[in-house]
Each structure stands twice: as C-alpha cells, then as structure tokens.
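Structure below; questions to follow.
Order as written gives the chain letters A, B, C and D; numbering starts at 1 within each chain.
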Amino acid sequence: MALTRDQIAMRVAKEFKDGDYVNLGIGIPTLAANFVPEDISVMLQSENGLLGMGRYPYEDEIDADMINAGKETVTAITGASIFNSADSFAMIRGGHVDFTVLGAFEVDVEGNIASWMIPGKLIKGMGGAMDLVAGAKNIIVTMTHADKHGNSKLLQKCTLPLTGVNCITRIITDLAVMEVKDGAFYLTEHAPGVSIEEIKEKTAGKLIVPDNVTEMVL
Amino acid sequence: MSGFNKVVDNYWEAMDGLQDNMTVIAGGFGLCGIPEGLITQIKEMGTSGLTVVSNNCGVDGFGLGILLEDRQIKKMVSSYVGENALFEQQLLNGELEVELTPQGTLAEKMRAGGAGIPAFFTATGYGTPVGEGKEVREFDGRPYIMEESITGDFAIVKAWKADKYGNCIYRHTAQNFNPMAATAGKITVVEVEEIVEPGELEASQIHTPGIYVDRVIKGQFEKRIERQVLAKN
Amino acid sequence: MSGFNKVVDNYWEAMDGLQDNMTVIAGGFGLCGIPEGLITQIKEMGTSGLTVVSNNCGVDGFGLGILLEDRQIKKMVSSYVGENALFEQQLLNGELEVELTPQGTLAEKMRAGGAGIPAFFTATGYGTPVGEGKEVREFDGRPYIMEESITGDFAIVKAWKADKYGNCIYRHTAQNFNPMAATAGKITVVEVEEIVEPGELEASQIHTPGIYVDRVIKGQFEKRIERQVLAKN
Amino acid sequence: MALTRDQIAMRVAKEFKDGDYVNLGIGIPTLAANFVPEDISVMLQSENGLLGMGRYPYEDEIDADMINAGKETVTAITGASIFNSADSFAMIRGGHVDFTVLGAFEVDVEGNIASWMIPGKLIKGMGGAMDLVAGAKNIIVTMTHADKHGNSKLLQKCTLPLTGVNCITRIITDLAVMEVKDGAFYLTEHAPGVSIEEIKEKTAGKLIVPDNVTEMVL
C-alpha cells in the first residue's frame, strides 16, 4: 500500500538526529515535525527569520507579527532566535542548517530538482527553495512517486525549469526511499506492501535495485 | 540634536519626492511587517511606472496588492507571486514585468546595495533559469553565479519602535526584509507603531541605526493576518 | 533538548580537536571582547603553525600576543599591527607571515565565509598594495576588486551572555568582530561571562543564534584596558 | 603663522552641517569634535561599531567593553547605536557616513592618499582607513603641510604605498585649505599670517592659486 502523507512524514522524521537544525517546506515536510521521536529534539528553522519555530498558536496567542515561511500564524519555542531575512539566508546558504526537506514536481538521476514553475500554467515563484537546495547539507525530497495521472516524477532528466542542480541526495516517496548517486536512483527501502515491481514501473529514471532493499519501518 | 530629528507629521511629507518610474524597495514578508500607510500613500499619490522590490506583492486588495489595481507598478522584483490573483494575472498577461529572484538572493542583493558591495557570488540559482545570462565562476570546484546589488530611490520600511534619530527595532518575525530595505534606499522612510525617546532603545539592541533613516512617521496598522492557523486542542 | 546543550565544563573540552597548522578565526578589537581563556588554552596546548584571522594580535604579553611568544602563529590575517612590538618585530624579521587586510574587508570576508558567499566586490583597496593581483571589475564606471571569503577550522568568540543552546549577546563595543567570527568556524567556541537559561535572552535581540555555536564555556576575564583616557574635569 | 593642531581642528569643524554623521581619524581629526559649533550637532561614527560616540569617561564610567576605534575608553551619547564590525563597515562602504576626516603621510594632485605604511620603517597596518577613503561621501585630509624636515606632503604623485586612489577632495593643513580637482591642488584659503608664497614653496604638486583666495576664519 502506498504511504499516506502522514506516513511519508513519519519516515522523514526518522532521518533526524538529536540536535539537528531542520528546515521543513510546505506540505508533507511540515508534517514531519509531528513525528520527531520522543527521545530526540530538532530545532526548526523558518526562512522568514525564525530559528526554534514552535506549534501553531491557541486563539489567545495569535500575533500578526509571528508567522512562518508559509505565512501561517505560529509560535516560537523557549530559546528561539529571530533575525532578518539576510541573516536567515546567510544561515541557509552558509550550510548551517543540517536538513532541508521539501517537495518537488520532478527529480532526476543527476540530483536535479524542479519544484517552482510549470510554464504557462503555474508561476508561484521560487521563494526560498533555490537558496535552500543550494545551501543545506542534506536535502530530502518528499513527494508522491507518480502524479495523479500515474506519470513518474522520478525522471532520467527533469523537464520543468530547475530549482537546483546536483543537489538532491535522498528521496522519500509514498512507495520508496532512494539515494541519488552516480547517475541513478538507488532503492534502499520499499513501503510496506509495495512491490519492487511497482516501484520499478513508476520510476522513469534509471533505478538500481541492490540486494539489500529493506521494508520501511515507520 | 535638531539636525537628527527624522520625525515627520504626515504621509505626504513622508513620501515627498516620490516620482513616476522610480524604484521603491519595500520591507515585509507576505502581509507581515509591511508599511501599510506608506503603501496607501503611494496609491493616494497615483505615482506610476514604479519598480517595486519586495519579496511579495501583498494580496488582492491589501498591502502592495493595492498598487496593482491602478497599474502603478511596471515591474516587480520578488521571490514569490503566491496566491495574489491580480499579480499572477498581470504577469501572465504580460502587463507586469516580474524579475523572480530567490528569496535569499533578494535579501542579500538589498544588503549588498546598502553596504557598497556591487556584486557577489552565490550558488543559489546556478543551472536554473535564474542563472541564465549571469557570469559563472568556480570556487573550490563548485560553480557560483554573480549577482548584482539592488538600491532604490525610496525604501519603505515598517518598524515596531523608533526614536526621533531614526534608530529602529522590529518585533518578532515582522523584522524580515525591513532592515535590509532600510539600508538600500536613497531616501528611507520608516513607518512605526511607536515613537520613543532617544535612549529608550538599548544601543546594542537597535536593529537599524538612524544613519540609514531619513524620515520616521507614526502609523496606524491593521496588521491583517494572511493565514490564521490554530493549534488543535 | 539535550542535543542542543552546547555547554562544556573545561577549556580542554572547549578547544578539543585543535591541531597544528589549523586556521583560527578570533573575535575582538584590540583587547576589547577577546576570548581570553580560549587564547590561554591555545598557549597551554602548544599548538603551532597556526593561521590566525583577527583584526589585531593583542599586545605584548596579553591576548593573542601570548601566542607570538612561543611562535605558535605562522600567519596572521589582520588589519592592524599597531603597537605590538613582538608582532612588528616578527613581521619585519620575516618570521611571521602577515596578510594585511582592510578592516571592513576583513569583517566582510568573515561574514561572507559564514554566509556561503565565496567572493564579493569592494572598492576598498583598489589601486593600493591590497588590490595587487586581484581581479578588477567596473560597476557603474567605478573600479572594484574581488575579495574572497574566509572560513576557519575553529572560531574563538567572546560573548557577554549565552544560553545553553548557544544563543549569544554581546556587550557594548565588545561585539566588534565576534558575531562574524562565530559564523565562520567549522567549530565555533564561545567564551562567555554568564550562562543564562533559554528564554532569558529576548529572541529578537539575540546577536548570534545558537545554530552557529558548537561549544559554550563560562570564562574568567581580566578585561585589560589598552588605552585608558579620561574626561578632563 | 602656521596653525596649531587645535586650530586645524577648528577649521575642520567648520565643514560640518547640522545632522552630519562623521568619522574622525586618530590625531588632529579627533580634536575636531571639540570645536563643533554650538548651533549644530554632528554624530560621530567609530568604526569599531559605535554610532553616537560621546566624550571620554570619568573615572567611575570607565568600561573595558566601551572603546573607540583608537582603542581608547569612551562613552556613548543618549540615542547611540552599537553594532558589529561588518555592519559598521557596511555603513561606511555603503556611503552612509557624510564626512571622514583623516591624517596622511602624503596626498597627490590625483586625490591619491598614502597614510599607512613606510616601507622598511613603519608597518602599522591600514586598519579601517582604506575602507573609509573608499566609502565616505566627503573625505577631508588634515596634516601639516610639510614634514619636520620641511619636505612637502602635497605631491605631484605619492611615493609611499597608497591607501586609496582618486578619493581625496579637500585638504586642510596648518597653512592652507585646498580642493583637489583636475590634477591640481586649488588653493581656497590661507592661514592667517601665512603668505601665498610660503604655501607655494611648501607645495610640491601642481598648485593653482585663484584670485579669490581668502584668509581662513577660525
């Protein structure tokens, strides 16, 4: 069975180590914050200028001056720091954020990612995504393996305008976990109940299936 | 210290000198920390042909979005069009020129503009449409693109508190692009929630020293919230 | 939040991993805001062949000056030799390599190093010995030189207060180069006057967010004054 | 009579307008702060990170954490701001400081200045001087017209390693006030009791003496 959004987020959260600084994109990545194991802590960076992002506010805590990168009302944890956008991206660009998790339209075997524009259809702008993929030490892409029409999002070569080149090292989808290296997707884990055949079928780019592929533990 | 009193009494004085076809750098992220009254004043003045440098362009009917209604903006330099329907429509129609710029590059371009750094290298955007036509250079084996700085005829900034010398502090994440914008305007106008006496702001805690600020005005703010999300009980 | 506790108990732990021939970036301006105990620890460890990036090199017998005595420093990157006799002597004798760097360029090189900017253009030093061998480029008809960023294996920083997450604030002009140094070290060690609880430092007023800081140690400071000048009555 | 150091500083102070931000170098420039006319205010920038530098401290105000760019104990005025060195030089390099006043070993008719090094004899380093001359809107050099051996410091071409090129627009010495333009020193004022002949004699670079040279008012 393909994973739910929450289950993908659960698997993402297993990547984190105690003490990691993490930037989570909008969508599934944000959900990962809900599944951080109890015995570790991560600190969330929101690129609009907040390190130590907390939960959403209760009604009486709402403050128009306290939002996250998705423009949602938010709170700060005790021990948070707040800074300007140049300092925030100095932090990101300088490689001080341990993990960036973000969504994508397409990823290819060279580690290229397309996530911000569909010519003629959708121009939202890249926001901070290009800075994040150029700056973070480890980048994880989360997405469904294929789009709603069944077309693979894991390609030999991205077709949409790129967000960054040679930057994606790990992909976690509803079907699988893969590393990107040496011009191929290396399958490392399959989702419970998902066959290797299904993954092969839905991966358009070169897929390498080693002997030691394991079942995802959630 | 009369020569350092930056406080002005009304919005006309605050934006005096703004002319058609000028470049305006605006602080704010989404609707957070935006100089609401200064934007309204620009609408009031009817200035047109503006190039506006701002991470976003407000929303339909609020923030910088109101300047799209009368087509006062010729060009936007932004990282995110977002859910602003009029922005997206004018862009797709070709009525509005948009220079999409990565958020961190945009912040750094403003900072560089204020800091006398005409250009810098960044890995952001290399190999993407943002890098097209820009010089590429390798440092330590990694390719970077050269980005040039941005300055503006005016900078419009929203701060929490300022003293009459123009020293400013920002509140929470309403800081965002405001401090960089403040450094990059030939004329920098700051709209604040509160004007305090010199000395009330601790010297080491001032975010924007008054040297960058030409005019300070006390504003009224609606502080509209773009996406109210609540904790689940 | 145990993974974020940066506090260490002793100087050996604070400087653990420092090896011969490494690059150390040090905060401080003159004797103001220098990590006294961390410098003493380097002397104690006897590490040699160091490249030290710091605006000054202390004075004879205090601050970084004590590392000159045992010739632990191979190269200094500084803007000012000043009145440090041993520094000047080792420089003139050719025993110490010195890369004299304009003060503002030095600060910006450190900031760029921490910010992932490999190089930037500045007018500072164009046409002078500092500009020799560096690329020159015109922007808007004015010549600028390209300067590359600096990073270090270690950064040693002096702050006023830090919490255990490594969030720091600096006091008065003891801030100087410390915040930039903090961003530019692979391992950043901060020596502080006081360790406070998380939350005691107002989030918007933190000068150095803890993400830059690997280790925090509570120090003892002599705070020697280089030039005491008094008001005339 | 050649001006005293205090008198040079007095003349410098007349350049300032109400509301100017000013950076004063070590020596004569620093003295100018004592002669700012009563009806105007200037704010002093000290490049180690202080805007709004005040007087020297009284005994009970001494604070090792509060020094100026000359490493002297100092105080801050009410309404001062304090910042890091990168921000301080962003302010300088970005042209936000209205006036920089500094000393020099030599200045030439192209507006070049040498002030930081005498090869084989003196290497103090440039400190912030190169940034200041590259960044300030108006730069005034103050110095004695000739060295103690009587050699002119106003040259056709500087002989010492430069601090900056084409950056000096005004020079105030113990004998005269001059503008630097079109490859020459333009005399605008002579010190009281100093003859034009003496100034000519002690100026090695091309000196232009217009008809309207006035006597300095102190």
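Keep this in mind: contacts are C-beta pairs under 8 Å (C-beta built on N, C-alpha and C of every residue); 3 or more make two chains touch, one makes a residue touch a chain.
The shown structure was predicted, so the numbers you read here are calculated from the model rather than taken from an experiment.
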Legend entry - Centroid spacing, where centroids are CA-atom means, of chain A and chain D in whole angstrom: 55
Inset, instruction - Please report how many Å separate the Cα centroid of chain A from that of chain B, as a whole number. - result: 29
Inset, instruction - Measure off the straight-line distance from the CA centroid of chain B to the CA centroid of chain C, and report it in whole Å. - result: 32
Inset, instruction - Among the residues of chain D, pick out those that touch two or more other chains and give their numbers. - result: 76, 82-83, 89-90, 92-93, 134-135
Inset, instruction - At least two other chains touched by the same residue of chain C: list those residues. - result: 108, 111, 115-117, 122-123, 170-172, 175, 203-204, 207
Inset, instruction - Quick one: label the inter-chain contact graph as line, ring, star, complete or other. - result: other
Legend entry - Pairwise chain contacts, counting only pairs that touch as defined: A-B, A-C, B-C, B-D, C-D
Legend entry - Contacting residues of chain C [partner chain D, same complex]: 29-33, 55, 78-82, 88, 91-92, 100, 102-108, 110-111, 122-130, 160, 170-180, 207, 223-233
Inset, instruction - Enumerate the contact residues on chain D facing chain B in the complex. - result: 17-21, 40-43, 45, 51-52, 76, 78-83, 89-97, 134-135
Legend entry - Residues of chain C touching chain B in the complex: 108, 112, 115-123, 137, 139-140, 142, 144, 148, 169-172, 175, 203-205, 207
Legend entry - Parts of chain A lying in touch with chain B, wherever the complex brings them together: 46-50, 55-59, 62-68, 70-74, 76, 82-86, 88-90, 92-93, 112, 117, 123-131, 134-135, 161-166
Inset, instruction - Mind listing the chain B positions that touch chain D in their complex? - result: 1-4, 111, 113-117, 163, 165, 167, 183, 198-199, 203-204, 206, 209-212
